[in-house]
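Each chain carries a letter (A, B, C and D) given by its place in the written order, and its residues are counted from 1.
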Amino acid sequence: MPAERLDSGTVEVDVATDEMLLNMGPQHPSTHGVLRLALRTDGEIVVDVTPHIGYLHRCAEKIGENVTPRQWIPVTDRLDYLAAMNMNLGWALTVEKLLGHEVSEKTQHLRVLVAELNRIASHVVAAVCYGLDLGSFTPFVWGFREREKILNLFEELCGARLTYSYITPGGVTHDAPGGWLDKCDDFLTQFAPCVDELHALLTSNAIFVRRTAGVGVLSPAMAIDYGCTGPVLRGSGVDWDLRRDGESCYTRMYEGYEFEVIAETGGSYPNDEEYPPVPPAAVLGDSWHRFYVRMLEVVQSMKLVRQAIEKYRNTEGEVDKPIKLKQKLPEGEAYLETEAPKGQMGFMIIGDGSSVPWRVRARSSSFCNLSVVRELCRGVLIADVVAIVGSMDLVMGEIDR
Amino acid sequence: MKIENMLKQLEDRYGRWITGSNAEVIDPWIEVAPQRLPEAARLLRDEPEWQLNMLHCITGVDYFEPDEKKAAKVDWQPHVEVVYHLSSMVHNHRLVVKVMLPRWKDGVEGQLPELPTVSDVWSTAAWHEREVYDLIGVRFTGCEDLRRILCPEDWEGHPLRKDYRQPPEYHGIKTG
Amino acid sequence: MAEYLASFLGPEWQWIAYAFTAVFSCVLLLALVVTAAAAFTWAERKVSARIQDRLGPTRVGRRFGWLQSPADGLKLLCKEDLIPAAADRFLFRLAPYISFCTAFCVFLALPFAGGFVALRLNTAAFFILAVAGLEVFGVILGGWASRSKWSLYGAMREAAQVVSYEIPLGLCVVIPVMIAGTMDLVAIGNDQAGWFWNWYLFHDPFTFVTFWIYVTCAVAGANRLPFDMPESESELVAGFMTEYSGFRWSVFFMGEYASMFALSGLGAILFLGGWNGPIPVVALIGDGVSLTGGLVPVPDGRTAELAAVFLGNLVGMTNFILKATAGVICMMWIRWTLPRLRIDQVMTTCLKYCIPLAAAMLLGAMLWTYTFPGGVLGALRPAPSAAVDVPSRSHAPHGNALHGNALSRRFASFRGSTFQASGSHAEHGNQVDHPVAVAFRSRQEN
Amino acid sequence: MDPINWHSFFFLLFALAASLFAVAVVISSNVVRMAFFLVMSLGAVAGLFFLAGADFLGSVQLMVYVGGTMVLLIFGVMLTARGPFVSMQTGAGQWIMAAIIAGSLLAVLLQTALNVETWRTPAVAGHKTGEGETVSPGVDAENTATPLGMGLLGIRTHRLEPENTSRRDMAGYLLPFEIVSVHLLVVLVGAAYLARAKRRRNEEE
């Protein structure tokens, strides 16, 4: 019956259903660690999501006020435990910015090599865990097989597989062992086909596309407004990468390296001819694009690692040793953001003349990425909440500090 | 240098609410009066030549020296400083805005200092303000649900304050 | 078998024969289902391992870890099976057994070979559909009775999924039934005897597509990925099985594997010729008698004939089990490669795509059998001579108009014995000129 | 020793199960248990049909009734069971009233059943064959569903009407079947519409 002929009395009465409060977490298979999402659901449709964090809070910043910067490196390993190298790099560069300390070119190449290798590992874990959230278990096992090889390389380099504490303010703990660079080369050559396997199994998989395309669309304005950074921001088409647009003391490391920033500018990704095409259903800024940006960044990082190996081999000189343990910090404040795999990881240090900083601050990218989940998850199904949270690639260590 | 003339332009145009600035340090900053913060934030974001559309993070710093010996040597008065790191993706430049607050509201121990919120200008500020409230203890008026974000809801005290004593136990659990 | 046993006993002990046959087939089937479930858990681990580039169980049991499922069973037995405090204890305990029993009941009517069928029901296909629909009951009761929000969601998703895949599954079963003209699975199986192109899969293009719709609905029916809505691990923790542990949980799982085996078995019978192997070995070597006659000197005809039939059935059963296992392996293969669909996408696929497609295939298959009675091959072969009395499918009695010919051929395949009563009319000579009635009379004459 | 007539033994077993579960439906207070017992009692009735050899009807009963009750259970009970409805306490007065009515109805039924001559002794339950040995109807494997199906299509295979009687053309019962189903559809749509509107009006008062 067309609406206007309805007399005012007989309004369509919807069956009143009451909402249910559902706790997804802190122990839940797909909340990537101890994150609790309090869902208010009406049947399968999620009315509101309130994330509760703080279950993994280890007072990293309070510790920072009682130990010297070099002693704080192990704490930075445990912020984003999937990309510990990038965390160390961020903190080391911030302290060097405060001290005004310049490291040798050879050290910079080694740092780029190690940071990009860790980015590959982190992105592979993010991609395959996302596949696991959506139900396909096989890519998860394949991805971890490749990551094991990277961890073996790091174990040979600095003795640890997860919390390396390798890049320290002033340089790196010790130089790369003999033959290590050839092992990196071999790893890269056999890794390229594996990326295509993941593409075949996930990116162009019809069911994966149906589950992710058009789900959790994040507009560029909202992304910037909520401070989202990294693949989440680039997934929404904002062409912003600190390795190219960052502060000089960070972008100096990447001078002389050619790489593309993966963001859909002008309707197409840079040289995307050999990757699976963007499916028609995918909307810019949805979960699929975030996943796709990460997969393409893996390839860029592989190119960067190859260039770093070449440059490291051709530069003479020695790798710098870290600064003295009790180095006095000058008065002043320094804040620096670096491009970690999950997004822009910012560190701030306030020196007051003694060797222990007055205040230390870690600004985490997943913290802001998580804050936008509440906006994206209104009115979606429960399965989509898992898809959206998975596409944000959250690590709770970094969020809770 | 670009940042120096930016600060000069800011001062001569908005002298009324910029109460201080410092260009020589590593990260040049300007200081804003607490009450004028929302207006300054909106201006900094919307003016075409600044367009600081990205709020990186809000940090609370507690300047207070507990033991007297060192307190004598220090040149600043005890206060709480809230630092805003802004940057513009359009012009690719950065700015630090600081706000100085008394440690306790009008001197009364336990009364948290007040500061108007900027979460309506940058939405990311909501969570950062909750964290500064949780760890440093600054009440952001106008922030819709100012709850503790990292510590449990019923935790007493603000851990990152220099004179913070950790309670011996929490709900019967020894806190070490 | 019952008559065979009864022939040895006196009249008053008849019931023992029937009782024994009933108990024997139940025990046999239960043993088969439980060992099948055990074998499939082991196969699932091995298949998933191979797909994921790893070894799978190798430690328990010597080479291939074949002791893994008994080890799992023992572990599950020793586990403490909790009952949540708020749970409805009676229904909580009962749910897994309902789900397993209904999944087991399907095997009663499922023929493993021409002669090997526990209960040869005339409406076997319909019975299987009815009972397969009940398996959901255990899942929903289990989900509701454990009083936890996650299991309630699992149960409700199961309800939504059942509502959406039952109809296309039924439609896909109707098409082979329509082609064979009977719901008796044994008759359907025998109808597909001969070379593999006699299978209904290749009967006509419509049944070929129907087979793939059947596969989709069977995967949905067995709650296997990408349709495993009720226990979607990554969203609903473990769906309706969240609160179950220990033996009760394994009964649920046996129910799932039993229904997987049953549905792929049904598919094998309806589309892949059930117990008829791709190459009709038994037929090629000649009748069973000659088979045993040549190899084994057999004293008198009857036992040889019985042995031959038994041997034929045995070969048939291995064919059937191989096909059903191939179906189950494919389900596992699908499970370990594809991600999971969302509940509304599952319902859209089943309701909006499978049902219209299945209906179209039903129409297409009906029109096809209407025009080419013998299926694809019937159409190619020259028109068969009328006098052929072997009731093969392409038999075309001397029908009058084209309409009469197809329609009467349709009823020609009914076994004549039911119509002795009508036969008597023929003597009175008062012919009823309804075309179909003519078909009965012609059916009676030859 | 007269051999136990297994046929009637199973018959009694299923009948007892059906009636006991039916009683359980009435007694139990938890709605979900009620629905469960209803399903079991209908399942027992399906067992009776199978016992009587009517496997088609048994399957129909299983699919339609038990499946239908299950859907009722899900959408009618589980999704709407809120607080007061989950467990219904019936007062003592209602029990007595129910007992009286049920008792009288049972008496009437028993009385009519008992004075039907042929149902008197269990031995007669199976249909007699020549040598007095009771062969349960289920064994006769030849009664198939085909006449049923074709009866629906209008060809009465059991009784081919001789052409001189008036009912020669309308042999089957297809037409009445269609009329009844359309009628039911109309009733359903009407009920759905009335239920929705009524709910709005009484909310206003």
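FYI, contacts are C-beta pairs under 8 Å (C-beta built on N, C-alpha and C of every residue); 3 or more make two chains touch, one makes a residue touch a chain.
For clarity, every value in this text was computed on a predicted model and none was experimentally measured.
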Maximum centroid distance from chain A, chain identifier (CA atoms): D
More contacts between chains, A-B or C-D: C-D
Intercentroid distance (Cα basis), chain D paired with chain B, Å: 76
Gap in Å, rounded to a whole number, between the CA centres of chain B and chain A: 26
Chain A and chain D, separation of their C-alpha mean positions in angstrom: 63
Sequence positions of chain B contacting 2 or more other chains: none
Multi-partner residues of chain C (each touching 2 or more other chains): 156
Interface residues, chain A side, partner chain C - complex: 20, 22, 28-30, 44, 131-138, 141-142, 145, 201-202, 205, 207-208, 210-211, 381-384, 386
Parts of chain C lying in touch with chain A, wherever the complex brings them together: 48, 51-54, 149, 153, 156-157, 225-226, 228, 232-237, 336-345
Parts of chain D lying in touch with chain C, wherever the complex brings them together: 3-4, 6, 30, 32-33, 36, 39, 55-56, 58-60, 62-63, 66-67, 70-71, 73-75, 78-79, 131, 133, 141-147, 155, 157-158, 160-163, 171
Touching residues (chain side chain A, partner chain B) in the complex: 53-54, 57, 59, 61-62, 65, 97-98, 100, 222, 224-227, 238, 240, 245, 247, 332-335, 337, 344, 346, 348, 350, 358-359, 361, 363, 367-368, 371, 400-401
Contact footprint of chain A on chain B as seen in their complex: 25-27, 29, 53-57, 59, 61-62, 83, 85, 89, 92, 94, 96, 122-124, 126-127, 135, 148-152, 159-160
